[in-house]
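Take a look at the structure set out below.
Should a chain be cited, it is by its letter among A, B, C and D, assigned in written order, with residues numbered from 1 in that chain.
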Amino acid sequence: MKIFTLIPVLFVGALLLYAAKDFPEWGSPSGPASDSPVSSHFIANTGVDTEVPNMVTAVLADYRGFDTMFETVVVFIAGMAVIAILKNSGRKKPVRREYEVDAEPDLIVTNTVRLLIPVIQIFAFYVLAHGHVSPGGGFQGGVLMGASFILVALSWDLETALARFPMQWTTIVAGLGIVLYAGIGIFSMFLGGEFLDYAELAKVFPVSREMARYHAMLGVEIGVGLTVTAIMFSLYANLSSEGRLQRGL
Amino acid sequence: MGLALFNTFILLLLVVAAILALRVKDLLTAAVVFAVYSFLMCLLWAEMGAVDVAFTEATVGAGVSTVVMIATIFNLKRKSSD
Amino acid sequence: MENAIAWILIFPLLGSVACAILGIFNRKICYPIAVFSMAGSFWAGIETLIQVISVDGHIVSYLFGGWTLDAYPRGVGIEFHADILAILITLVVLGVGLIVALYSKLPVQEETPDKEPLFYTLFLLQITGLAGICLTGDAFNLYVLIEVAALTGYGLIAMGSNRAAAATFNYLILGTIGASLYLLGVGYIYIKTGTLNMVGIREVILAQGLAESPTMQVAFVLIGIGILIKMAFFPFHAWLPNAYCNAPTTTSSLLAPLVTKVMIYVMIRMILSVFGVEFSFESNLWTELLPWLVVVAIICAAVMALAQREIKRMLSYLIVAEVGYMVGGVWIYNYYGMIGSIFHIISDACMTLCLFLGTGIILRKCKTTHFDGLRGLFSKMPLTMSGFFIGGFSIIGLPPTCGFFSKWYLITGGMVSERWEYMVVLMFSTMVMVVLFFRMIERIYLAVSESGKNLGHGHGDLGLNEEQTRFDEGPLSMVIPLLLAAATVMVIGIYNQNVVDLIELFLEAFDLPKGTMR
Amino acid sequence: MLEEGNIINELLIERLNYFIYVVLLLIGLYGMIAKKNLIKKLIGMSIFQTAIILFYVSVAVKEGSTIPIYLPEHDPHGHTGDIKESNITDAIHAGPSVLKSELVKDYSNPLPHVLMLTAIVVGVGTLGLALALCLRIYQGYGTIEEDELLAKMESREIRSKSLSVQIPKEKSEISNRRKPPSKKGKPQPTSKSKSVSKKKSVSTSKSENQVSVKSSRSQKNKKAVKKVVGSKVSNKGNKS
């Protein structure tokens, strides 16, 4: 049986190695991918077009902002689909597993986490807001923020975390993130540009067209961050408790 | 040269981690080895200049997706037949 | 309206978020939101179609983020590239979405209680993804949208029973392999051409003569395999029947007409607009290999369909056979075959919609879709059954339904390019479908027992008792969409020349061999 | 011989990245197809996806280049470079300028990085969804091994067929759910199960040849239905 599965695998492998010898030199700056007008434009003109030093952020949130919107939508879909799959699916009462013991949350753990969580959350904000000049951005910041809530759930229990971030709110926050993203796009459309043409926002805000892009990108990243925060936590909460939202892990 | 050596070292470790993650019979161990794999990948990407991708992989691949995977495995059987 | 093409996606996107948020407070509001946003999106689609037809060159290019072509190199931003083919398929997607949205009210309430907000959220995002796939002009954006459509599809299918979850898992694994191979293929294109814009890729391939490059050929194979997996072409079809049979009614009537067809559209798009006709058909052994695979695919799928005794499962295998038709129509490399394929995408979407909507009503009334449970249904629900059989006749290919005309073009294509095996197999599967549907008609119209014996006593007596013949039509909110779909099948059939004119307008730009009609 | 040696040499030393990415991709693909355990399949899937990401990131590398963030001297806002006192005002008023074409090769290509950020996110989404499916499968079938799962599904199908051809198990499950969700409060479980069984008897009477289903078995089935309905109702009671 396993022999048969090897056939497609080896077929794909042979195909890929066959092409590998045709690839441009590794790390050569003159390869078609690195030397194309598109990527040269990104490297040379990001500063002029958007004034954002981090090219990745600029390309992500502005040049290819439409992609990123759907990336956010994918996260949103994952969260919604997990809720849809697990809601009311299994036993209402969790089974008691053999390793479970009834005990208060550990004092050392909870106190350490109490100290850690503000730091993590501030770092998450920093990553989100500082994504324009350093690695980071909405997605990473959002994951860190979501991780802080997961940490609460891990060190106390799921109910404690859900009391701070109820499940309805995760859906609302996640939806608002997408609304914020798309809303910036639609707003710039009403101002006369194309969808997601942030430069048009300069017509309402007292900034230059480039700085309008710069600031709109921050707004967009906040939208991404909101969605990702909410969905990461919602994923954990649903998966750890089989959708019951109580007594997880 | 140093970086090339580092690169090669990580690449080989990656293969080892990938095979190990698929071969271990205990799913929890597999998930943790997969986290190691993700983190090695993150190192490699950081070395290759893809800092944003590395950051994302560190938070997502080695972080949240491992946590989520372990949370799921706790609700399933831990042992795997292969 | 200038931005109509963007509104096609914005309507369902915002509608889905509204469903998710407002659905928490009031579950009843989701249905009107879904219908409203689908209607808005459909309107935007019509608006775009008018633009495309009226504009010079019949291409509407919309650049997101204002990265216009005159100031920036092509491919810096993401482009929506709507030619006639794209907008036609988009309209099919939106139309099917609108009809299914209308239909969904009761089945969603009954089959997935307290999940309506989630259902409509995923439903609208599915439409967003599929419509985006049709319109986008960027190879990577296409991947993201494929994943949007795929993830929503998994969620929608698995929402139902445990069986559905198990079937979805297979679908997910195969779907991810398909999408990832596509992504890899795009990477191979990128490493050679340095751009992701479809028009840009085409320009670079022409300018640098990349047709001989192994990388491009491997990219072509990878993308091809990826898309074939996604469209459930024969050796990769394993995920489809299980997933569609166990899915909730509304889900299967949304996914079955659309997902496979949209992926065939992607294949046509890749062949015509990205790699180019001469690259795809002349420098590959695919042209020789694929028509034979198609032959095997159609025969196997038809035989499998014949062996099923449950409507939904039978229809799933019919879809696999239909995919074979369309892939064959493309790969016989002929002008008429291409027209046939494109037309068949449209007509197949409509007729599959008819059949699945009808099956949904049958399932609701009889609690089963097994053939044995259908006895005497015609006198019970005449409207539903008429709608169902208009779809069935179209699949068989009886005029004046649209299925006849698209099949006509496919057969003409096979004849002109002298692909006799393809023609023979088309005839064969038509026979199989005749058998399938007339077997069903027999059961539905007459009362035939399991062994085939007529239980009636002589002429005019159908052997049905009082209870079985009582008029008991399905709810209007489900029957009217079904009749709408059936009407669409007929209207497209009657006005087939207009559709074909549009497709010919699109194909003018491409150099496909026409051959001579004999 | 020499030719082959060259290829291997080239692959292993100069293009190790490309080679290892193929190896990882194959490991992942093999895991996805051949492993029986569903979680193992998912780990394989993630390895497969990261391998593709590794490929893209390798494409972006340029020898001797730095990360795609402007160095201070090219930064549109950071004039910390070697700006002389005399022309500092010029530098500020000039604003950002287009990078010279010979400087472009100093930065690695940002586009693949962006694409891969998206791909990672898509991967997480898929993984989360797939894990939810695993949980659901485990709830329904008590196993996450593919072969056991198939066997269980098959046996269940056969059992439901032998019980009644007309109502396969899933269908009856659906019909149970068909109770309008608005009926809250605490309906009597017995009356509900009665209505279910009544519906069932009607539908079985439709088929003349199926009436002869063994009564003991159908009794058992009814009991099972009752149990399900009872638990559902109690759930609802808890909720409201």
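Structure notes:
Everything below uses one rule, namely that a contact is a pair of C-beta atoms (placed from the backbone, for glycine too) under 8 Å apart; a residue touches a chain by one contact, two chains touch by 3 or more.
From a predicted model like this one, the values you see are computed outputs, not experimental measurements.
Shared contacts of subunit A and subunit C, meaning chains that touch the two of them, come down to D.
Averaged Cα coordinates give subunit A a centre that lies 16 Å from the centre of subunit D.
Note: centroid distance subunit C to subunit D, computed from Cα atoms, is 23 Å. Subunit A and subunit B have Cα centroids lying 19 Å from one another. The multi-chain contact residues of subunit C, meaning those touching 2 or more other chains, are 112, 114, 140, 144, 147, 151, 154-155, 158, 162, 165, 190-191, 196.
Annotation for subunit D: residues 17, 25, 29-30, 58-61, 65, 67-69, 108, 111-113, 115, 117-118, 121-122, 124-126, 128-129, 131-136, 139 touch two or more other chains. Across the assembly, subunit B contributes residues 51-52, 56, 60, 64, 68, 72, 75 that each touch 2 or more other chains.
Pairwise, the chains that touch each other are A-B, A-C, A-D, B-D, C-D.
Of all residues in subunit A, only 12, 15-16, 18-19, 21-24, 31-39, 41-42, 62-67, 70-71, 73-74, 76-78, 80-85, 87-89, 168, 171-172, 174-176, 178-179, 182, 185-186, 189, 193-200 touch subunit C in the complex they form. Within the complex formed with subunit C, the residues of subunit D that make contact are 25, 29, 32, 38, 41, 45, 48-49, 52, 55-56, 59, 111-112, 115, 118-119, 122, 125-126, 129-130, 132-134, 136-137, 139-141, 149, 153, 165-168, 170-175, 177-181, 203, 206-209. Chain contact summary for the complex, subunit C toward subunit D: residues 109-114, 140, 143-144, 147, 151, 154-155, 158, 160-163, 165-166, 168-169, 172-173, 176-177, 180, 183-184, 187, 190-191, 196, 246, 363, 366-368, 370, 372-373, 375, 449-450, 468.
Contacts from subunit D toward subunit A in the complex involve residues 7, 10-11, 14-15, 17-19, 22, 25-26, 29-30, 33-34, 58-63, 65, 67-70, 74-78, 96-101, 103-105, 107-115, 117-118, 121-122, 124-126, 128-129, 131-133, 135-136, 139, 235, 238.
Looking at the complex, you find that subunit C touches subunit A at residues 3, 6, 10, 13-14, 17-18, 20-21, 24, 62-67, 72-78, 112, 114-115, 118-119, 121-122, 125, 128, 132, 138, 140-141, 144-145, 147-148, 151-152, 154-156, 158-159, 162, 165, 181, 188, 190-197, 200, 204, 213-215, 217-219, 221-222.
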